[in-house]
Amino acid sequence: MATSKIKVRRYTHSAKWIISLSIFWLLLSGYLKPLLLGFGVASVVLVMFVFNRMQRVDNEPQEFGTWLQIIRYTPWLLGQILSSSLRVTKLVWGSASEVSPSLAKINVETVPEARRTLYANSITLTPGTLTLDVDGDEVTVHALEQTSIDELKKGYIASKITGIWGENK
Amino acid sequence: MNFILDHYNYWIVVFLMMTGFYIVITANNLVKKIVGLNVFQTSVFILYISEAKVSGGTAPIVTEGATLYSNPLPHVLILTAIVVGVAVTAVGLALIVRIKRAYGTVEENEFKKMDDAI
Amino acid sequence: MLLLLDIISGILLVTGVFFGLSGAVGVFKLPNFFTRVHAASVTDSIAVILIVSGLVLQTPLGINIAKLLFILVFLLITSPTASHALAKSARHGGLLTMSELEKGDQEEKAPK
Amino acid sequence: MNLWQGIEPSQLISLSILLPFVGALLVIATGKSPNLREAVTLITAIVLFTVVLAIYDYISQGGEIGLELIELFPGLSISFEVEPLGVLFALVASFLWIVTSVYAIGYMRGHNELNQTRFFCCFALAISSVMAICFSGNLLTLFIFYEVLTLSTYPLVTHAGNDAAKKGGRIYLGILLSTSIAFLLFAVMATYSLTGTLDFRAGGIFDDSHNKIVLSVLLVLFCYGIGKAAIMPFHRWLPAAMVAPTPVSALLHAVAVVKAGVFSILKVMIYIFGLDELKDLATTDIMLYIGVATILLSSCIAMTKDNLKARLAYSTVSQLSYIVVGALLASSIASAGAALHIATHAVGKITLFFCAGAIMVASHKKNISEMVGLGRQMPITMAAFAIGAISIIGLPPMAGTWSKWYLTIGALEADKLIVVAALMISSLLNIAYLLPIPVKAFFNTTTGEAEPWSWSETREAPLPMLIALSVTSLCCLVLFFYPQPLIDLVNMIPGVSTQGEG
Amino acid sequence: MLEQHLAALPILLPLIAAPIALILGRSSFSWAFATLISACACLFAWQLLDLALANGVISYEVGGWPPPWGIELRVDAANAFVLLAVSALSTLVLLYSKDSIEKEIEASKHTLYYTAHLLCFAGLSGILLTGDAFNLFVFLEISSLATYTMVSLASDRRSLIAAFRYLVMGTIGATFILIGVGLLYMSTGTLNMLDLANRIDIAESGRTINTGLAFIMVGVSIKLALFPLHMWLPSAYTYAPSAVTAFLASTATKVAVYVMIRFIFTVFGVDHVFGSMGMDLILMALAIVAIFKCSYKATVQSDVKTVLAYSSVAQIGYMILGISLVSATGLMAGLIHIFNHALMKGALFMAVGAVFYRVGSVDITAFRGLGKQMPLTMAAFTIAGLSIIGVPLTVGFVSKWYLVTAALEQNQWIVAALVLGGSLLAVIYIGRILEAAYFQERPDSQNTTEIKEVPWLMLAPMWALVLANIYFGVDTSLTTEAASSAAEWLFQNNEMPLGNQAEAK
Amino acid sequence: MTALYAVVCIAILLVMAIALARAFYAPTVYDRILGVNMFGTKTVLFIAVVGYLMGRPDFLDIAIVYALINFIGMVAVLRFFEYTAPVD
Amino acid sequence: MSDFIDLVLLAMLALTGLRIIFLKDLFAVVMLFGIYSFLTALIFINLDAVDVAFTEAAVGAGISSVLMLGTLALTGREEKESSHSSILPLIVVFITGAALIYGTLDMEPFGNPDNPIHKHVAPRYIEDSPKEIGLPNMVTSVLASYRGFDTLGEVVVVFAALIAVLSLLGVPKEGQEKAPASGLKSHQVLRVVAKLIISPIILFALYVQFHGDFGPGGGFQAGVIAAAALILYALVFGLPNAVAVIGPRFLKFMAAAGVLLYASVGFFSMYKGGNFLDYNKLAADPVAGQHYGILIIELGVGITVFAVMLNIYYAFGNQVERSNIQ
């Protein structure tokens, strides 16, 4: 029962990959000639073959979010990036003494394992913070200002992510 | 003045070549020698590509509206030459790895002392 | 309409470049390595987003837009990853402590 | 002689060259059994002599023999051509080979030498190349076999294999090869590029159209290039080669090598330069005087040597220069004398070497000072030595008289009084360094008292050696009384005559 | 079918055989396969030479594109002649290497060795046959890479450094050639050598062309180890496995000499290179210094392979000297010496390899007493050594003869004398080895009973070369005919039409 | 529009130059890597913009390759530090 | 504008070159070399050589730098002070440079369309190749058809490099137990991201492979990019894993097969009665024949290059891992 579920998950996972890759090919190629489409099919098959071999070798399953999740997440992230950039820019053109860097470890138990990367990268992209290390349930963060750390500790990003992608089970 | 404008490209390329050449000759470390060799070769590639350029021309891939294309032949030659370059680099580096294992050093003056050099 | 597109993309491009320039200056100006990583990483991302968007607006619908978007996505994924990995590597390499501990007395845990 | 009647004359040449060669191969093949091996050597030698006699026969009847082998370069081939001078040399060499073989058998056995097979094989090879030199039809052929001769005698020189032998061999090979490559080959090629031919031609291939200065330089190059003629200062190889076993020394210094050298010089002078052309060259005189100096100097050196073979070696150096001088005098009589000297010196000197070897084998003595009273123990040997010495000195009734006679006449005719004087002085020196040896052997005794001689005390060398040295010493005598065939032969050489010009 | 593609086959056969040999995997399979292919190529080379002597030039348009647009293979007497030597040597060395390699290279690398050999051979054939300046560079690199591999395969660690040095020098050389070709291309717009020759316009862009000439000359000189640029050669030859040395010494530098001939005579023209540039004097001076300096160096080395390596540099001096005499005879002497030297050095290095096979060392002391223990090997060494010295009835004499004749023709008396003087040094360095072999006893410490003659598979190719040394030293008709027609052809080929369909466009 | 592209190009070139300067003279080895990385990303942008400047924007493939190579380069560098402790 | 960009890039190149001379930290040297390659590629783009830029970026900055870093991991980072004087090299370099400058004096002006180089052979490629070969990318036409022999040579060069590296370093054994320390285990973020982008990269490589006729790219670039993707995999997940995905023996076979595939096209055209590599004979319609021929040989190039590059990386990586374990 459990194995079949895993199997099903693996199949859907593969199907997701195949579709994305096919779309990617079409976007890149832009040709609809039968020859090139044939090459496209062959290429996707080949890539999937290699991909599956990799999956079997390293045993690190990958999960996509749905398109919807991504679309929901992206604008927020873009906004964060913009504000972060403005802050850094201000810092750069201002005087250097304003910088008061600090370091903290943040507990991220709430964030699901599979989303930790996203979380870490989001931290890096958001204002004034930079992920240094992801280590189990703790994320080490470097910040330009102490306030950013405090904000992080409040779990704003974490809640955003869990809000979109769901809680840790 | 016109003459300089017409040729400065070549002169800088010559300068680059000689930089690479100088590194090859003087470098004591074998890895750096290989880097120098690459710099030298890469500069020669630029020479070829400079030859191929046609002012006002465009890349030699047929496109609508373009009439003047740069010369494709040097591009082909340099594609080949780049491949040759990377092949030589790989072999050179492999040799260096073996030299390190055999001699414990990759500094030319050090292993010269170890074996009675000829 | 076309003019409007031109203007928008112009603004995007210029601001993008501006952010890029700020990042570059920051890399020189900011006091220690980790702050410099901030500058580089964040401005890289915004510059990429702005400039590529500016270009997208100038491109007729077609494969080029797809490629531009791919570049955008690719850079957005890899750039913070690279910064993160670099910072992590630097910390493990023992770089963190030097400037950080002088100031950061408010740290509760000193990194090993 | 009619043994070879049925054979095409031109094939006689190839026969004469191939015979010793095949002999050498047979020697290798039969190397396991000494008796068979030596029989092969002897038989080959004898058969070869008959072949040469046949050639002589044919030539003396006015026949002409030529043979072209392979074209080495376009227009230049390895070719052979029989002419009287060559026949003379071939006769001497092939005859003496028989004798030397006999002698060598005795010597090698008496001395228990190692590597005898190699020895006899190289010996035969050397003779083979000597034959090729004798009959060579052009300079290229001459040069090639000249080199082959050097190489094939190198193992003979270093036969002993010890350090001294190696050192001697190195000098031998070094001087001979380098002079031949650096000078001779160069001269040959220069000749070729000047004239377009290398054939030996009566009266020479150079004529007045060629630049005299170039020719003068060429003359020097030839003289020194033919290092085997041992003109000073390139004579060092000859004493150095003394480390070889005595039969080798005999062959090298009396027959094959040195005679090949002077023979080549004669040949070049007569057939390449031409005696007439030679007279006009600036360097002829210079070389002539160098030859004279060589005669005198090496005679003086010979006197200082106590080692018998070394003394004989320097004597050879001086005698060779007689021939060189004879050739360079550029007169027909002197040339005739030089040609004759090849034969007479050969028999004389080989006798002396045979004796030296016999003394070594029988009494293990190398130095002259130890030979006091030896005549009592080895009367036959020492008698032969005396005969040989007299022949070398040039006193009647020995063969050497004739050649010296013609040489002196030639020098007079050419108005080179210095040469005449030198010849005289040299004869005196010869007497001074050669005669004391038999005199000491016979008339001095260690105790000062002359004891009566008895057979019981004689310890002569093995019989083959005795036979050999007796034969050669007899030849010295015979050639004095019966030199006519040789003189006839010499007179057949174009431009050379015992009768003087006109 | 075969006839039509004859010009391409000597390149294509080994080129295709190399990957197949790699796939074959088992060392004995790949050996047999490589040898077979090499022998076939040799046969084709022979036919090519015949054809070239009979018909003059054979042009093969790869891809069916007429030159100068496509790449042309161009066979004439000169390159067919050198190709014959190269392919024959390749075959013999392959035969020889089976046993030799087993001793010197670990078993897992045998297949790689044969593959590399085939690649090297393919590269050399390509260099010889191609009529395109850039294509030449590509094949040069193929052969060079294979060469570096083969040199570094030896178990001696010094071979690594030798290979590295070779790699650096070789790459600099190749890059110089690349620069030169680039400059030429720039001022003419073409890469085909004949077309280049027709289009080179000294008046218009003389300085560019002259610089191109200079760079090509220097680059080729590095590859052929012309005197001051020879530093890579002695160590490479010394520490490479014996079979490799035998192959390289007899082919690689020769091919480079051919390239130089090709560029001087076909592309730039004699009149320009020698007449107005005065390159002949430079080459002559370098050649003479090479002859003496390196011959001298050869006399003071103790490692026999080093001795022969320096001797090779000196011999290359002779070839260049022949070229620098600027006459058909001189060129012919150079070409003949290319062929002849391949025979001599091949045999010599094979003999040295045989000694290494049994004794395990090639120091001059290792040769002591070998005359008795390995009579056939040492006899081969002796004859080939005499050939190097230039003793009559060997090929060495033939080369020297033509060289001196050529010098005398030009009234270069001193040069002629120096050529002969140079052989005196050869007497010394060969003589030392022979003396050790024949006149010195083996030191007692070494177990002499184990040292015996090498397997017949090593002896056979060695003696084949030795006999060739004598055969071609006596019957010179083949070499002389080929070389003289090649030389004449090179001297007056400036008016040749370009390709078979030159008028098509 | 071309003028704007030109300006953008020049500005990116300027950024590249600064990054290059960082790569030349860096207080720590990580700064050097940072500079190189920055240089790489700016190069990608530069290629994209230059394509538009020259009127042939269909060479974005190259920009993709640049981005990819830049990333691989970074990973290789990090991997390198796994083995050799950085010293400065 | 183009000239200005050219000048700026060249200036940066010159500075980079100079800096490399004086740097003693080899790691920095390699980094700067990567920049040097990037800059060179930018110049290529600016000079219209897009195909070349593609290759230079992938090879110079990518493969070469990775291999150099691998070597440095084994040999150490510091260059020691050289003992020999630098006067003589300086003179040599100066003379060489002066010769080249002298040579440039007679060169035609940079970029002038009337230069002889643009007047003789090239016009046919530019004007006739779209008709004769039927491809828009002239570089591919010339590379694969007119000068297909060169390209065969190029593939063989790559193959020869494989032979050299294999004989020098050997390859990792397949089916080895996984070394625990290998790969960037601790970089979790990196692992996730790498896994995400590897598949698209391979697909991109295949796209480049099959679209070389229309735009920049072709077999060589595709092979390098695909190899780069797997190198990324090996870097992040460790060599044993990569070897388990594609084994070195299979790669060796692939490398040989690529060369043979290329050559077989040539032999097939011989069989059809044409010269070697004469694609016109491959099909009834010459243009179609050209197209097929080019597709197949590009595939051969791609296969060989991919296999060789990856295998070379394996060989280096294997050395590094081995030395790390010891």
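For reference, chains read A, B, C, D, E, F and G in written order, and residue numbers begin at 1 within each chain.
In the analysis below, contacts are C-beta pairs under 8 Å (C-beta built on N, C-alpha and C of every residue); 3 or more make two chains touch, one makes a residue touch a chain.
The model shown is predicted, which means the values in this text are computed figures rather than measured ones.
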**Message:** Which two chains have the greatest number of C-beta pairs in contact?
**Reply:** B-G
**Prompt:** Which one of the chains is farthest from chain A, going by Cα centres?
**Reply:** D
**Request:** Compare the CA centroid of chain F with every other chain's and tell me the farthest one.
**Result:** D
**Item:** CA centroid of chain E to CA centroid of chain F, Å
**Value:** 47
**Request:** Indicate the whole-number Å distance between the mean C-alpha point of chain F and the mean C-alpha point of chain G.
**Result:** 19
**Asked** Taking each chain's centre as the mean position of its Cα atoms, how many Å separate chain C from chain G?
**Response** 29
**Message:** Taking the mean of the C-alpha atoms as each chain's centre, how many Å separate chain B from chain C?
**Reply:** 32
**Message:** Among all residues of chain E, which ones touch two or more of the remaining chains?
**Reply:** 134, 138, 141, 145, 148-149, 152, 179, 185-186, 191
**Prompt:** Among the residues of chain A, which ones contact at least 2 other chains?
**Reply:** 24, 28-29, 120-121, 131
**Request:** Please set out, as single numbers or ranges, the residues of chain D touching at least two other chains.
**Result:** none
**Item:** Listing of all chain pairs that touch each other, if any do
**Value:** A-C, A-G, B-E, B-F, B-G, C-F, C-G, D-E, E-G, F-G
**Request:** Spell out the part of chain F that touches chain B in their complex, as residue ranges.
**Result:** 54-56, 58-59
**Message:** For a test of understanding, state which residues of chain B touch chain F in their complex under the given definition.
**Reply:** 58-59, 61, 63
**Message:** Help me check something: in the complex, which residues belonging to chain G touch chain B?
**Reply:** 6-7, 10-11, 13-14, 17-18, 20-21, 26, 29-30, 33, 36-37, 40, 43-44, 47-52, 55-56, 59-60, 63-64, 67-68, 70-72, 74-76, 79-84, 86, 89-90, 92-94, 96-97, 100-101, 104-105, 107, 109-113, 115, 117-118, 121-122, 125-126, 130, 136-139, 141-143, 147, 150-151, 153-154, 157-158, 160-161, 164-165, 168-169, 214-216, 220, 305, 312, 315-316, 319
**Item:** Complex interface listing, chain C residues touching chain A
**Value:** 18-19, 22-23, 25-26, 29-32, 34-35, 37-39, 41-43, 45-46, 49, 62-63, 66-67, 70, 77, 80-81, 83-84, 87-88, 91, 96, 99-100, 103-104, 106-107, 109, 111
**Item:** Contact footprint of chain E on chain G as seen in their complex
**Value:** 99-100, 102-108, 115-122, 124-125, 145-150, 152-154, 156-157, 159-161, 163-164, 166-168, 170, 252-253, 255-257, 259-260, 263, 266-267, 269-270, 274-281
